[in-house]
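Each of the next two complexes has chain A plus one other chain: chain B in the first, chain C in the second.
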Partner chain A sequence: MVAPAVTLTHLNRADGSATYTHNDYSIIGAVNGPIEVQRRDELPEEAAIEVNVRPAMGVSTPRERHLETLIHSTLRSIILTRLIPRTLVQITLQVRSLPEEDASAGVNTSLTLLPHLLHTAFLALLSASIPLLTTLTSVLIAIPSSPTTNAFPPLLSPTAIELLRAKPIRSIHVFAFAGDGKLLLNESDGKFSYEEWSEACQMAEDVCCGEDEEEEGGVKLDDGEGAMDVDAQAQGENLEKWLRSVVMRKVEGEQRWKSAT
Partner chain B sequence: MATSLTLVLPGDVIAKSALPTGTGKKKTLTLGPGLRHTPPDTVTATIAGALVTDNKKNAASIEYNTGRYLPFAGDLVIATANGSAAENFNCLLTPNTPSATLPHLAFEGATKKTRPQLPPNSLVYCRVASAGKDLPSELTCVDPSTGKGEGLGLLKGGMPFKISLGMARRMLAAKGGIPLLETMGAKVGFEVTVGRNGLVHVDGGNVKTTLAIGQAIQEVDIGALGDEGQRKLAAATLKHI
Partner chain C sequence: MATTAPQPPPALTFPRPIFAAVSPHPFLQAHLSAAKNKSLRANGRTAREFRVPGINTGSLTYCNGSAVVRLGNTSVVCGVRAEILKDEDIPGTYEYPGQTAGEDSDDEDEGSEMEGLRLLVPNVELSTGSTPSHIPGNAPTTYAQTLITRIRSLLHSTRLLHASDLRILYRSSTNPEDPDTEAETQLKGYWVLYLDVFFVSIDGNAFDASWIAILAALRDTLLPRAYFDEEYEGILCSDDPKEAQRLSLRGLPISSTFAVFEGRKEDDEGEADWVLSDPDAFEEGVCRETVSIVVDCEGGKKGTKDLVVRRVEKSGGGVVGRETMGGLVKRSIDRWGEVSKVLEGKA
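For the complex of A and B:
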């Protein structure tokens, strides 16, 4: 898995912004807040959150509405809305480009897009310094259909081409985890057994937030078992670490004047 | 100021060893923006940034440079007064936020008979008297203990420039000032007012000086120039005035 590329705070009119590129999905996110809320949307004890998803082309459809609802409920649980009551946090996510093969991979395209949208929204919130309860990392897992489950291991954060090659895909799952390892969101599509789901969930958790155990695991895998190479590589890229490196760059940029002469 | 750089993400629990321990009279730990206290004694970060601790003041906060200004009691801000209702002026600290109130009587020498007249959209330099999440924040232009203006009040002439929040904090810091202004101040006369809400008001007497100084400040902000860079920039700017 290649780490996503991120640019933070590049739009100067918005309070916070992020551009996120991963596996040919590119999304621009902007956050404004806390700002004045319309009277009818005002909540007496917490902040209102507005999520707008704009597709790469055309106008938004029920598919975008559905994504907006999913993102809204996920973000509501990580934004400390009670610290900024009677205000609005407005999140706009503009899909800039999609991989060409996205539509032909034969899987639910809103699910393949969802982890990327969640990451963009979270990074834009970080950039806007909105008070947050915890961090968020998300990953897509696809289970190809095969007579024996061992022949094709689940694909971790596959690119559109990988999905196309692994056709037919039996089920895909999107998991989002909080910084403390709690499951925030799970959307699954297709046919799958509970064992498959649980395996996928474990795999996602390792990638999203497997801090300590994950490092040990990496060492163990290096010792022997060449068959597990793919997993070892995948585990090497930990989304939690990636997030820290993104923030590190942001902070370094902000503190630059202190060291400049 | 004793500082140590620790990177934090939202939800990170700040280790007790990273927080300053109280010395002498100041036993209570003061938490600045970005930190949240969960009883009994857990401190978690709510934003991403660098943890800054100050042992002398027994305070900790998270330094960040992006996002919208949130009023904090005691901050000096440049507010836009747009309209007056009953006994207050309605002021904006940042665009699109609920307005803050500035009482008519919170000016130096103001009485019920002689109320200050502010033209619409005039800039006022004031201090945040109170800021809470449940009430509109209140501003004041007098020092409550002396009743004097202490330099607060209506800003006449000049022009405001947008700067980042970190830059405003840097210019208002206790050590004070940036070499750019010191170098330029030796050659030309001007007046600079810094608001914590990301605004700096420059009055150079004439348009050319005002613009040159304002743009130089913005350049220092964007380029994150250090002392040397600022002196160079000051020399270059002075040539054109």
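For the complex of A and C:
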């Protein structure tokens, strides 16, 4: 699995922004918030969250509305909305490019896009310094259909070409985990048993949260070059470490004024 | 000077509906944690209890198939109307691959055929007054659009309908090129099914109700025999009711929705989270996390190793994890038994 490429805070008008590229999916996310909220949407005890998903081409359809609903309900449990009551956090996700094979892979295209949208939204929130409860990592797992069980292993975060080659896919699963290992979102589609689902869930948890707990938490700033190499290696298999390295780069950039003097 | 001692203020009590309106969350928690071993919800059901669906089919005259489904106070009407998509009106350059031999061999193509040509068009409409949050006269809300997307993708991913039921084929009596061999079968058109779901009232769990309504309406759907008339050079429908055919459905996927109520922990004893089956509107307003599981036990298998699950949708919170989900799958399998009985008309 190749780690996603991220550029943080590159739009200077938005409060926070991120461009995310992974497996030929490229998405720009922008966050404005906390900003003034329309009277109609105002919530007395918490912040309102608005998610807009814009497709790569054309106008948004009911499919995007569904994705927005999913992202909204996931982010609502991540953002500390009660700290910023009577405000609005506006998240805009523009799909910039999709892999060419996306539509022909024969699987639900909103599910293949969903993990990338979640990551982009989370990174943009991070860039906007919105108060967050925990982190969010998400992964896609596809189980190809095979005459005998376990002949083909499940595909972890497959590219569109891999999906196309593994056709027909029997079931496809999207999992999103919070930083504390709680399963926040799951969308599974196809034909599968609970045991298969459970295996896929375990696999996703290993990738998203990492098995080893030796990390002492927090973001290390004064690591030498050796630590950087380890991080670069670990990025391959663990999304949590990848997220840590992204945050580390962000904090390093923000600490430049201090280290320069 | 009056020397009466000030009366102690009466204890603050509310009648039930005011308690529910003022503080819904503690209201439901008070209900659930009132009895130690058997927690009852505010609507009188236990946490694992579903509402029994009531199904009436064939009540709309001008539809090819229709059903009215009631799930407690949620009532929904679904009408299936079939229209003909003519060969020349098919957008793009779709080539009919010809009759394939096996029944299951064209399974994969069927999906793209039905999805690509949009032969199934579900639509959800919320009637005025069906739910307090719905303002009439506006564009379809996010809620309705989300429902449509979920229904549409479930229709396609379960491959509920056979594309062969919807094709209108024609084989000419003589082959102009070679009179000795039989002419090739040609595709002349498709039946397009418009599935209109109309909510009369919503009291929670709109998705399950609309899905049951769609299933019942599709099982009730009667398509007239359509044929290509050589002299007329167009598609005609036979008006003989004996020739009309029912749709054959692939399996019987049934969805069950759960809502997770996260109680506020007051003391360390007792469980603080409840997974409520088939939530009503009041519970949906209090619960954030929802889980929908679609199972199909048509083959009779009901174990954890059997391929019975068609879809899992879970969002909004982190209470239901891997272990809890196992229990929920079992609950949905039990629910499948109940609903399929009602659909077959046995209960």
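What we mean here is this: the second predicted complex is superposed on the first by the 235 of 261 C-alpha atoms of A that agree within 3 Å, B and C clash if a C-alpha of one lies under 4 Å from a C-alpha of the other, contacts with A are read in each partner's own complex, and residues count from 1 in each chain.
Following the convention adopted for this analysis, a contact is a pair of C-beta atoms (placed from the backbone, for glycine too) under 8 Å apart; a residue touches a chain by one contact, two chains touch by 3 or more.
Every value quoted in this text rests on a predicted model; they were computed, and no experiment measured them.
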### Task
Could you look at A:Asn108 and tell me whether it touches chain B, chain C, both or neither (first, second, both, neither)?
second
### Query
After superposition on the shared chain, which partner residues are touched by A:Met248: those of chain B (first), chain C (second), both, or neither?
first
### Query
Touching A:Arg76, do we find chain B (first), chain C (second), both, or neither?
second
### Query
First (chain B), second (chain C), both or neither: which does A:Ala178 touch?
both
### Task
Please indicate which partner A:Pro62 is in contact with in the superposed arrangement: first for chain B, second for chain C, both, or neither.
second
### Task
Would you check which partner chain A:Ser259 touches, where first means chain B only, second means chain C only, and both and neither mean what they say?
first
### Query
In the superposed view, which residues of chain A touch chain B and also chain C?
178, 180
### Message
Residue numbers of chain B touching chain A in their complex, please.
### Response
5, 7, 9-12, 34, 36, 46-50, 63-68, 70, 96-98, 133-134, 166, 170, 224-229
### Message
Looking at the complex, which residues from chain C come into contact with chain A?
### Response
108, 111-112, 142, 145-146, 148-150, 152-153, 157, 288-289, 303-322, 325-326, 329
### Task
Note which residues of chain A are touching chain C in the complex, please.
62-63, 65-66, 68-70, 73-74, 76-77, 106, 108, 110, 167-168, 173, 178, 180, 182-198, 201-202, 205
### In the complex, chain A residues that touch chain B
8-9, 15-16, 32-36, 78, 80, 83-87, 126-135, 178-180, 243-244, 247-248, 250-251, 253-257, 259-261
